[in-house]
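Common to both upcoming complexes is chain A, partnered first by chain B, then by chain C.
Here is the complex of A and B:
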């Protein structure tokens, strides 16, 4: 088991954003995480990447408790992530955005090696033509791809992708989906959070549905989407 | 007439390079920690005294005393940051901007008063870097000024190379641009805060040690340069290290030319700060974000 969230709870004031939830991710697994607005998906991603500290329960990587550890420790343990709204180094070039993590995390990398690796990632993401531009000059979809690329520069074992399809131009949607599928095939474990049910459903083999901070369904996509609890959570009936 | 102009520009450049050194430190602290260090002038003063005592008590040559002063203020900066600023990075402090203002202002008052008690209220002067001097026509520029300018320029070049070419410099830049993004790529933001504050303090301390043989040391010597540094940080564009370097040199030259060409030489020096303020006003009217400015930044 690569990552496990065991009975994790996160409260904001009187609200339990994540409530005694357990989720495991195996090596190489592609998991879709869906749920209505406010169901706690992003909070769970924040807990699994160290951005938030759980009020109860544990997050473990390779069985080792990561409780109270800072996000950079999660990154060094092989967890890469993206945000709903990309958080890039906006005044750095696209290439520098990719080189920085390689130099920051892998001190043994020379700048030449980091650049070589960055160019490989740019080619994979079809972003080579914008390498010299400042990150803030990219379109929304390109920024999402760049953020994915920045996570890949860490050579992570687990990718937590928070709404990678949100706000992306329809022309780029397929490209984002293809890249995620390709990463999954090459052995990355991926947790994919999104509202775009069709996109998620077509990509994943396991779908987890959250509502009110809890898991209400976990299994094969078609099976899960037929679940009465899931229909109720989405339709309110 | 030409040599007089050149001399004024050279004098301005010397002062400007020292200003730039102080302002670059203030900028690094501001851009990485998102706080204004009101204790910066006091760190500059401590650097001056550290250099003085390194020469007199340890027998260190004057130029190496600058490095000793930088090391001493780096350590002082790191200790202060760990003890007093660390709560800023937790949820224990609700009003982060106000907290940072109070503790850095307290640092200023503590160091300045401690200096009066420890070093005495009277001015001290360390030995010169060199007895040589440069003659421009009928006018002379002292060797101390030239050495101070050369050393400040070297430190600023070193700082620029460090920020652009090293992984630590790149990590500092990453944290200054986006803390969350820096954290998820494995950068320990807290370590960067400590490094940035120590580095900023060391630059201020180095400037203090460089200026000491030119002017004199006193516990209040940091008051005016710290105000100049705030002007430069705004002038150069808040958070921009190149902006603070160019802004510092520009301010030094404008002040020197303003004083040098003011019609009444008896009053000229008194208006020195006014020329800097005028430069700031004109710059902000034309470019409200400063020379290399970017959008408003505040404590995250």
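Here is the complex of A and C:
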């Protein structure tokens, strides 16, 4: 067990964005997380990365409780994440965006080593040609890729990706999916949030469906998608 | 090789010119420049805090006052040697800076600005109210750093302090800490997600920049010989902001040059009365509109382009 959320609850005023939810991610697993708008997917990602503190329940990494820990501690424990709307260091270069987390992670890392690693990530994401640009100059799809790259620079064991396909050009879509598949093959555990059922179902071996802050289904994609609850959640009855 | 040598040469030339300058200056302009060093250190440290780390604090003059008054009071009441007093002033400004940084941890953008402004105003009121210690609005007479009546030693001491401040803060920015501070400015949540302990670096940047503000205050007090709560006024803070903006808020040497330029210009235009502040305001507005990186940075870029054009090398000829 790599990361587990145990009976986590998060309230915003009157609504329970995440409601007594339990989810465990194993090493190297690729999990799809789907659900209608406002079902609590992003809130769950925020809870699992320390960006939000649960009102109830615990998040554990390697069985150790992360209660009261800041997000950078989650990052140092091996959790990398992206944001639904890309949040880059906009007025820093693409290369600087990448070396920053590496240098923050390891005091012993030299700038040269970090840049060497950054160039490998850039090549992997096909972004080498924009390395010197400011991040704000990138297209929406390129920003999504760069955010993935920034998370990769942490050498995480678990990647939490919040809608990596949103706003990505159809031509680039396959490329993003390919990168994610490749990462999964090399041993990263990944939680993949998306609206696009078709994009996710082909990619993952486990699908979790959320509705109103709870998981309503969890299992093999085909099985899950046949279940009545899921169809209800998506059609709104 | 040649490209790398260029900045070093411009630095050496600038230092040599400033070192030789007093030969051609009368006592009045020597005094003006020696005073401008105070503003230069403040503008540079505020540029680091606001321009690089994104913390738009209006408490900077309060830290200058803390440094100045700590050192001044130690010299007056305890007869502490002035250099030692200045060090204590720097330390106390750093300490209070750390506390303010900690208190501001959850405040962002305009809320931080308002909080720090309130802190500065409270400190000003305390200085006025605690008359028996600080002499209030009358001002506290403090001993000079050097004996004698000449401003010359202050000119050189202040100049060295400006250079040292630029060297230390510049080195900090070139290290990985510079990257973390800029990441903090760009997006705190993304910085946290990138393994950066943003609370630590916020407190760190407040501590360091407050220390330099305290140093400026100490230098100023023991140079002009009198400290008053006027140091902490909003117009004074506005002046330092203007200096950094005109020079280049994301360029430390630019901020220093901006400070010297603005201070000298405002003195040169003294005959213009209040109109000079109108002129200053216009310059700031135009800078913000047309040269957001600052006039000094803009001028340096123009100059570089002009010299390149005059001596075209095969590499740049296409540009």
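Remarks
The definition used in the following text is that the second predicted complex is superposed on the first by the 237 of 237 C-alpha atoms of A that agree within 3 Å, B and C clash if a C-alpha of one lies under 4 Å from a C-alpha of the other, contacts with A are read in each partner's own complex, and residues count from 1 in each chain.
One rule holds in what follows: a residue touches a chain if its C-beta (ideal position, glycine included) is under 8 Å from a C-beta of that chain, and two chains touch if they have at least 3 such contacts.
The structure presented is a predicted model; accordingly, all values stated were derived computationally and were not measured.
After superposition onto chain A, partners chain B and chain C are found to clash with each other. Using the contact criterion defined above for the overlaid structures, shared-chain residue A:23 touches neither chain B nor chain C, since it reaches no partner.
Once chain A of one complex is fitted onto chain A of the other, the partner contacts of A:52 are absent, as it touches neither chain B nor chain C. In the overlay built on the shared chain, the residue A:66 is in contact with neither chain B nor chain C.
When the shared chain is aligned, chain B and chain C each come close enough to touch A:104.
In the superposed pair of complexes, A:90 makes contact with chain B and with chain C alike.
Within chain A, the residues touching chain B in one complex and chain C in the other are 49-51, 70-72, 75-76, 80-81, 83, 87-92, 96, 99-101, 103-105, 150-151, 153-154. In the complex of the two chains, the chain B residues touching chain A come out as 167, 170-171, 173-174, 177-178, 180-190, 294.
Residues 49-51, 70-72, 74-76, 80-81, 83, 87-92, 96, 99-101, 103-105, 107, 150-151, 153-154 of chain A are the ones touching chain B in the complex.
Per the touch definition, chain A reaches chain C in the complex via residues 49-51, 70-72, 75-76, 80-81, 83, 87-92, 96, 99-101, 103-105, 111, 150-151, 153-154.
The touching residues of chain C, counted against chain A in their complex, run 176, 179-180, 182-183, 186-187, 189-199.
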